[in-house]
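Each of the next two complexes has chain A plus one more chain, namely chain B in the first and chain C in the second.
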Partner chain A sequence: MDTATSIIRASGSAQTGIYHYDALDREYLERRAEEFREQVQRRLAGGLTEDEFKPLRLMNGLYLQLHAYMLRVAIPYGVFSSTQMRKLAYVARKYDRDYGHFTTRQNIQFNWIKLEQAPDILADLAEVDIHAIQTSGNCIRNVTTDQFAGAAADEIIDPRVYAEILRQWSTDHPEFLFLPRKFKIALTGSAHDRAAIKLHDIGVLTTRNAEGEPGFCIYVGGGLGRTPVIGVKIREWLPVSDLLRYMEAILRVYNAAGRRDNIYKARIKILVRETGAVCFAEMVEQEFASLSGDRFNLSPDVVQAISARFGAPNFATLAPESPAFEKAIVENADFARWVSTNTHPHRMPGYISSVISLKPIGGIPGDATSAQMDIMADLADRYSFGELRVAHEQNLVLAHVRKDDMLALWQELQAPGIATPNIGLVTDIIACPGLDYCDLANARSIPIAQRISERFADLARQHDIGELHINISGCINACAHHHVAHIGILGVDKHGQEAYQITLGGAADEKAALGQLLGAAVPAEAVPDLIETVVGVYLAERSPGELFIDTFRRIGMAKFKEATRDGQR
Partner chain B sequence: MANAETVTIPTALVIDRSGQPVPNAWTTLAADAELPVSGPVILPLARLLAEPASLALPGGIGALIGPEDDLGTLMPLLAKLALVAIAFPKFRDGRGFTQMRSLREHQGYTGEIRATGHPLPDQFLNLVRCGVTSVDLPQGQDAAVWASVLKLHGGLDTRPVAERPLPLLRRLAVPFAP
Partner chain C sequence: MKLFVVTATRLRDGTILWLGKGRVWNERFALAYPMPEADLGAELAFGAAEVAAQRVIGVYKVEVDDQHGQITPATTRERIRAVGPSVRPDLSYAHSVGDR
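Moving on to the complex of A and B:
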């Protein structure tokens, strides 16, 4: 029995692809749950003020929203098992209103939580090795990565392994739990950026140097919010062994020098801007040089040990092409349509990754009922080695499906309403919870998403329009990343009324760009018409096969402004 | 400076890094209070820099560092200091953690590092991991709560900071045993 197999068996789980906990990991989670139970008791007994309790509950994922507490549960780098999914369904059923909300940071949120029950939920989650640690607060948050990690054909390294290493390094890091502000790291294992790394406090892009050795290119200071900034490169190539040492150096410079006088200027992007990228990079390099290379060395055996904990799916040896799959595509137009949008190439012959849309027409983006969660867990067991992923677009992924099984899978997705063939299309809308839940929001996001989705419900039309990303944030904090959407929608408060600003031309991939303002904010009921007009300009102007974003880049803002001017008065 | 508004601050209760109350001989002097004839006494960094003669005070001298203070200016004095007090005027301001680790790991400081101000018992383990040796408890805090936090996390790791493993990754130093 090889090491990976013995670990997977020993952990009592059949699933591969998730990081398998051992007794020490479990003991740690139980202790954390116990610690939080004691903190809640101390708070309820008056031993902690709300001011003192707040950062402690935030570090355990518990927010106070408009109507109730919200618990944000970590799904590290978006990968989880069917067993864990069933437990999330259980939590939704027992403690919430029978549903959960998958987020743009590859986590899940429960919106109707009672403070007194939070410790019980954490204890329940700990039973299946999940937690809510550092999903909020001014600390290093869940490290996010590519939803096709370990499956994508273009991968240089498996980013899950390094994201897990960063998770272990940042969890309970004694020095970095009380940073000036929250801190987000994204990592991608291929040169194609599927993790929006330039929009994070630290972005890690895997590259090879001139000698062909894999390493990391490091960006800092990206982020959205009220001051959207694209990250800047501060290290062209970092050896794998120096990853933690370099992270430690960046965080130390930020913790010491980041602004603490103004919450809106406390993110690392402001420090980088005020210091200057060159000077900031020098400060990091200086700190890096003074840190012990031995102590922070990420040795190959550590990488190997972490890697072994994931195990490898026991892929069958298959022919690259599946006649049954090809035949179904030819014979079934609906299936063909779903395959054209909801799949991604796999590195193994005969396999393919499939995306489950959580964006039904007129639905709430990212929401799943407990019944749907249970069904998806069963499908993961039967079709994808018991493993699931959350994509930052708020959809789910079954990463390793046999092409031979795709038709059967698609048929099973119909009844629970999760077979919408719209990944990357105009109705695959990313939306924050908005004013329906969040006390920071200026405006509602969900109903806007629902109205646009209904307006573009016709599938043939959606597929004709092609790839088009719409993101809706209910306030300037930009949880839905509206700045980097092809069409961004921002809820604002206009003389006490909810209103919406539209931006065009943003992008979150390796050509990351911030959207430009189309015009004055409009009321909610005008948004679908405005979007329709914008899409109309694209359809009239596009060259054959040209995507919305490419047409925009070619023709610029003028025609869009001209066409929408009347609607904005 | 964190405590500029007070004169001489009698320390209420000091605990060591295992959470046990310990006798405390140190007093903290405000920026404008008169220097006593002997220590042990803790002076704000600015005053130490302005009056280098105070470093020779019999009985021991310590420095009080606020989050805004530049540790670089402290370095030439470090060999003469028996104690460095790191102030946490707000528990949410985590700069003190970096200051502590810089003292221990970059400067090799081996004297006493004391946390003062308003740290929370829930931060005790982090303080210890960053190199703290004593905590001057905020008024009204119960030493037993501090000790219980440490107990919950499996007690005190007595190894020097630089030899202590990185969080969680320490498990990889031992063979995998389910």
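Moving on to the complex of A and C:
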């Protein structure tokens, strides 16, 4: 047991904001790690063929990628402690090549894992209550949520509590471990969708009914990949107490009626499309009515018990405004610029959420070295109650920072290169690992992101352009969610050469939309110029204060197509 | 005439391997032994036996370009497998390509 682990075990629930496991939870994780150790030993000894072993390793997050095995570690709903971050840094140093990659599903991936060491890694992770269970395979994956959960000023309920309930319900669920296909659930605790819920198999949006009671609006059948679909609403308002019963009903209908004969038609989106949303909703309601309300009822006691296991940060009573913070903004333009993009309003007076950019200019989106991980863990301890978040945009969040501390925090982020003031801007690019790492990819994603980032490096220009989301996927599986980017880039194989298709006008929020194809695929070296041209059209056409996506929605595709026609020949 | 080499992944650690002269697995691409497709049968059979023996997984042939005796994989995917991630030159195994 290393020092970091000793600290968390000795201190018990010293860190707030993360769900604290009890002896039963820990015994389960240790047992799973031991079970996997036996499976690996049998594989290495020849007792299991690769065909037999593959589903077992995938259920423990272990893939075989282009260069080595890749381990995907779950960060449940993107929330983790400084102790857990230090353990991830330790894994990066001891078992990998000193870095990890934070993903769009709020997980972390290690790219250079040795099969023979994977059981040791899982045992090490279990020491700090983290694991890789159900990060792959045809089961319910890591439930994702809003990176500002429990902190956001506009929050109706704390989605971490319900995400944890769903995690417990879906882990080793006897009916749902062998679904027709993988299954992803996202939920957000406010009416503003920061978790891209309409792009998931089930999307849960918190809302209030006419009486002002909080509940959930349920979407199903969203998904990207080769058949991108925006989820459809099947329940306008669901009482909080019925969340589990409704989830169970949806999964039962999908498990029974989803196709298993064709991997490309096995996702729930195809079932919803072929059945029709109205008919599918009726099937769910029928199943819902048949389930015992008592068995699945989320009583206030149950919710309170789960909530209590998170522990509440010991917030100080502060004035809403911080004179020191305001003064620093006025006196320091660089700090002011960072605050303008890398923060989010907090529900508690005197606090603010801070976003740490993992998108340095020319860097690899989502990558962090072990040294950076250790530094962020230390900063979390000193400034945010020892808690961190992973955003699905591949950045990290310190959710509860005193405004009084923001200048000091910003100064400390400089040296390790994680103070880039670009959240939501053109260089805050979401990119999958692409052909540099991924066995499925057709083209590289990361170098395209790096070239675009370098092209738009000028901060004043970035801030002038304003909010603009670029997502780059290296294949049609769309791990970077390119379909729903303002500017989406898809790597394809064109006669043996890497080429890139551009789409415009996608959105991942409550106005979710699929992007439209700009034109024919272009070679890698043409992409930055093409993006430059697209941005140029926006700048020329925008009304005062208008964002890229709003200009696109107002003027449509024609002017963008016309301006880029030459570059696509 | 198109030339091919045989590749695989080592089971225990996931390392990429290239089949060399004398049917010896090498970590260096430069030591891969190119041959015409028609002559690959015995090499692929050896690879299948290695899979059965649980030493390697994922055996397949890779087309290569031969420039004056120096071979490089014909596709971007295999060039990246031979050299390492193009975005992390510090992790490159570029030394694996080059003189044999």
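A few notes on this one:
We take it that the second predicted complex is superposed on the first by the 557 of 569 C-alpha atoms of A that agree within 3 Å, B and C clash if a C-alpha of one lies under 4 Å from a C-alpha of the other, contacts with A are read in each partner's own complex, and residues count from 1 in each chain.
In this section, a contact is a pair of C-beta atoms (placed from the backbone, for glycine too) under 8 Å apart; a residue touches a chain by one contact, two chains touch by 3 or more.
Model, not experiment: these values are computed from the prediction.
Superimposing the complexes on chain A yields a three-chain arrangement in which chain B and chain C fit side by side.
Measuring from the middle, so to speak, at the Cα centre of chain A, the directions to chain B and chain C differ by 80 degrees in steps of 10.
Using the contact criterion defined above for the overlaid structures, shared-chain residue A:28 touches chain B, although it does not reach chain C.
By the touch criterion stated above, A:314 is placed in contact with neither chain B nor chain C. Greater residue coverage of chain A by touch, when chain B is weighed against chain C, goes to B.
Of the two partner chains, chain C is the only one touched by A:113; chain B is not. Of the two partner chains placed by the overlay, neither chain B nor chain C lies in contact with A:262. Looking at the shared chain after the overlay, A:444 reaches chain C, while chain B stays out of its contact range. Here's the short version: in the overlay, chain B gets within 18 Å of chain C at its closest Cα pair.
Only residues 9, 11-16, 51, 53-54, 57-58, 74-77, 80-81, 84-88, 91 of chain C touch chain A when the two sit together in their complex.
Of all residues in chain A, those touching chain B in their complex are 7, 10-11, 22-25, 28, 31, 34-35, 38-39, 42, 47, 52, 55-56, 138, 165, 168-169, 171-179, 244, 252, 255-256, 260, 290-292, 295-296, 301-302, 305-306, 308-309.
Partner chain A is touched in their complex by these residues of chain B: 67, 91-95, 97-99, 101, 105-106, 120, 122-123, 125-127, 129-130, 145, 148-149, 152-154, 162, 166-169, 171-172, 176-178.
Across the interface of their complex, chain C is touched by residues 43-46, 50, 64, 66-69, 97, 113-116, 364, 435-437, 443-444, 446-447, 450, 496-498 of chain A.
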